[in-house]
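Some structures are shown below for you to check.
Two complexes, one shared chain (chain A), two partners (chain B, chain C).
So, the complex of A and B:
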């Protein structure tokens, strides 16, 4: 593989970065992490960072160093888990059911040197987990995925959860650790409607915990996510032991209206390449450099500019009212992604900047590690 | 950077690939390339492959080996150009205006060992091109970008084109090579309306060529793209010297209805992880593994299945009529991306398969090389 050189080194002016470039404003990142982890340091629940949001070991270590953190991270795939483990993280929760032996064989190997936990909602899959880890004389924690929203993964009934918990108890190599749930999507909902929905989901979730406990089953963990928009609500709920969240550290555009206490900490620096119309500029930041499927980017600090459209290779910036844009060819525009996770996954490198100076250059080591 | 191992080697059964995996069906790829390049081998125009579609040197070399090809490729960025040049391609056209000295310095270095051509629609930028390459005692070809559709880059008037051509002639280090244009988007248009639009665009484009020639300026090249849906129409038009196209080799879902003579040659193998509803399956192929911004994927060979929705990490497969899906946890589903270019850019590796066997494992060496 061709290793692309890093052209800009720490100490450089951030204006010297070739674009499109993904940058993290470290003052804003640190403020977000300190605020949210600080909240948890005074609660019985902990925060487990979703490291699949940034895929960057250096950022995961920064998060875990703050009081109020859980002991480890959450990821989506065994590939991501392998990358983070090889970079010094030793408590990793994989938050997707894994129904294939080739991947479970890798899980079993990893679990011999790293605390690995899995989720499941299916008895056959749980059987595969046991088979795979016992073949390597290892063990994993397993949490039951609870369905708290319609048409999403997770068990749908108390009885199903009980049967699955007992199965996990009985099968060799598996430790029943508790229950797990993923919140619903943000899509277009008001903050109040999200709170209402999440309170209902929390009730459902904790009903499972109570039910299992009345049946004599210890439920050590009750892990709820993805919770940037409601971390305080979830974190103060009695019985919840863990909140999973990733976007809190960056505040992407989709979360902004629901999270008044957080700051925008990640954006793409782009350059204007063309000015085809008075109200339109073309930038070098298309879909290959900024995720758009989960919403349009916003122009940092300039509400009069709209970045609604774009192609694979180029972005468009329009003036909101059709007036002449005050942008020339060569000018730079900073774009806040709608969804920060799908944007990190497009880049190889993220630049940490502070006060206009490049402070750090980090490889996004788990980028592309989705299998 | 952590180098992820390639778990599946040539000779393996493609069923052993961990998912999500990007694969190219080599029989279909070769058929598409032979058909389209064969068309051009009997015409005066050549085909210049858009290598930014696949970012994979091995695939570019396969394309250029076929009669009817231009001598080189087209890419979007200097980073891509550097990767392909380091992998043995020595005629590279960068099809975005470049208005920054740091990138032009790299262009100038590359142009000393590789034939590099650039496009422009702006006199100041052309001045920067000259300054950068003469500082390195080098030279580049420059084509004028002609606007043939509203609100896109490119010069808007014959006079502007004439002034720019004269400027390129006069400035040291620059060779005026001809004219260039990019077609409009496919978005939702019928084949007939695309043909009508493209015929109008071709007229406009060739008017510029005639005008410059009447002013005594030699227009060696007239390069038109991106032209998978109309390569034959453009390729038979007198005066066109080059057609740029990338998707023709793969036939993504967006091009399918306009290209009856091509075959689907690239898809993502995904695995069903969950079955939350009778009419719904959840796969491991979300936006991080398949591009969705430019349209929803299609399920290869199964029109009764719909892959319209998905999140960052997961895809949904629904039955078209709400009936029970014949899919179980662990089953595999092959997904055709709406846009193949934004899907290649998500992956590190593409597997070439033939008859169910992994034939080749290629690094997508220019993935992420967008700056």
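So, the complex of A and C:
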């Protein structure tokens, strides 16, 4: 229900944190946020932090306080939206289509106290949106989800988009706000092939915008997401109003090769429990503490150490060349997760540290907010 | 996130994604073990890292066939189960950091606590703290048989470590411990028995060698669900650590006496093309370090990929699932899935019967 780390007071040495501990290095976090938001503050597009990545209201507030941000955050579920709204965030975009009335009733309630925007690619669902919000005398913004990658949701044709835009425009309680897309996954591709793919996707995406505009429909917003690896490319494209990104603030291992300008800002501190073989150490950080669904972690700043194997409760550190490991029982090892969102989804508490001192202890309040 | 559906709610009314546990299947699994070990000397020690629920652990212990205590992977898990009244907890892991050892000693004053070691350094740390806090801690030697994680690598190492433990103040040498998984996927009965006997035989070799130098070995704790019936036929083994059988997982289906009890139900949120459907179960809601989950009762539909937001489902023919339809995913690694959720929604015949906490979720300290 709630993990039970040993309570560590702000002001303590980070070496006193019990492990495995999820920490955010605030100097690196602030540097990433200032860099990326600084880029957007000089352009017409804004950055909408994808708060699903950290699920932590305190971090969302920290992001939104920096110039260059959009007026709110993106999340993936109504229950995440509820958590962030109750923690003082008042503009929330839910980036999954919601085809059930029980959840739409919650959206309608939330929309009375918070600006809520939804996405859609289906006419029946748009009808449900209208019905649910008008029943509560409320209204929501709706963006049309445009498909630019085969394994993502979204409409595939200009005509379909036009029909949906007209429907949203005509139905009570709905404001047609514009278009939305989620780009594609990283999928182990090279930076160059991602750029090529993303440029094509952007062309497709913006074709929808021009088409709708030629039909006399105002497209206020054009929001493109999954954009840590290409925030600058997307952000300076004319016609884009908003870039959604989450991992930019932390730089996990999966994004590292594509993002030379960002710093690793979140990691797990683990402890060596065993030294059973010359070239192998066993740590207390297994899959349940770091997550390996989207790849294996890396050892922070030590390319000669490999953390590729590991099981539910144990992590394994091997020396890359089979030589003697310079690690003893009780030593600490910092691990960069492959995917930082997964790691946040496993913890209830994240520690903010600065200069080796625990600065803050934050609740990952939207952890487990799946439904 | 604490959001509890009312008992009596129809399963198809639950907001998704949702983790449900089929109580008929759970009870059946518990009953297989209770029956198998009803009149054997060897008993099962339920591993609670799998379900993290004191309520389920009490169901296991009350059904019979167990040692009456549990096995845990972490100190924080052990705390949850000592609080829930279990008199005896074996932590099948090495504990080396000072604050954790302090917590361990505090627990050892309230329950019969045991941990495993594989290095003299751990023995020294534990003994020092036990002495300082006037606690007594049971200690077992972990034996590596095939996992290549913790565990001594030779019989001689085991014997010399046993001598050190016997000599260490505050510690009581209890025996040997080991964990194994099958070397091959979906072994048949003969392969399974071969492998189980080989690995468990290695643990018994260490036991005999320690006994030969005059040290009593009270506990031989080994195995997992896949070897429950093998260990029972090997004299010298005193207990089997079993966890996977409780809710089961797809790759374990060769153990056909157990039934999949935990599932994640989702809703199709988009159908971007004729043979593709997108569902609302994210990779974070199920976890899939060992490959994509299996779709229940949809022969033509497979999980193509899972992202932080969605399941991508593909169909060989026209996709039978539409926006708003439900789908069910079966986990390939149950304990990873259980650790993502705060509640079990217990269902029977399509209706919610009980909702209870995954109390030790997130206990990785």
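What we mean here is this: the second predicted complex is superposed on the first by the 364 of 371 C-alpha atoms of A that agree within 3 Å, B and C clash if a C-alpha of one lies under 4 Å from a C-alpha of the other, contacts with A are read in each partner's own complex, and residues count from 1 in each chain.
Definition applied: a contact is a pair of C-beta atoms (placed from the backbone, for glycine too) under 8 Å apart; a residue touches a chain by one contact, two chains touch by 3 or more.
What you see is a predicted model; the values in this text were computed from it and never measured.
In the superposition on chain A, contact is made by A:371 with both chain B and chain C. Applying the stated contact rule after C-alpha superposition, one finds that A:87 touches chain B and leaves chain C untouched. Once chain A of one complex is fitted onto chain A of the other, the partner contacts of A:355 are absent, as it touches neither chain B nor chain C.
By the touch criterion defined above, A:100 lies against chain B and chain C together after alignment on the C-alpha atoms of chain A. Contact with neither chain B nor chain C is seen for A:216 once the two complexes are overlaid on the shared chain.
Contacts of A:11 after superposition: neither chain B nor chain C is touched.
Residues 1-4, 16, 18-21, 52, 76-77, 79, 83, 96-100, 102-103, 121-122, 124-125, 147, 151-154, 185, 271-274, 276-277, 280, 282, 284, 287-289, 291-294, 311-314, 329-330, 339, 341-342, 345-348, 366-371 of chain A lie in contact with chain B in one complex and with chain C in the other. Within the complex formed with chain A, the chain B residues making contact are 1-4, 7, 16, 18-21, 52, 76-77, 79, 82-83, 86-87, 96-100, 102-103, 121-122, 124-125, 147, 151-154, 185, 271-274, 276-277, 280, 282, 284, 287-289, 291-294, 310-314, 329-330, 339, 341-342, 345-348, 363, 365-371. Contact residues on chain A toward chain C in their complex (touch as defined above): 1-6, 16, 18-21, 52, 76-77, 79, 83, 95-100, 102-103, 121-122, 124-125, 145, 147, 150-154, 156, 182, 185, 271-277, 280, 282, 284-289, 291-294, 311-314, 316, 328-330, 339, 341-342, 345-348, 366-371.
Contact residues of chain C toward chain A in the complex are 1-3, 13-18, 49, 73-74, 76, 79-80, 93-97, 99-100, 103, 118-119, 121-122, 125, 144, 147-153, 267-273, 276, 278, 280, 282-285, 287-289, 304-310, 312, 323-324, 333, 335-336, 339-342, 357-365.
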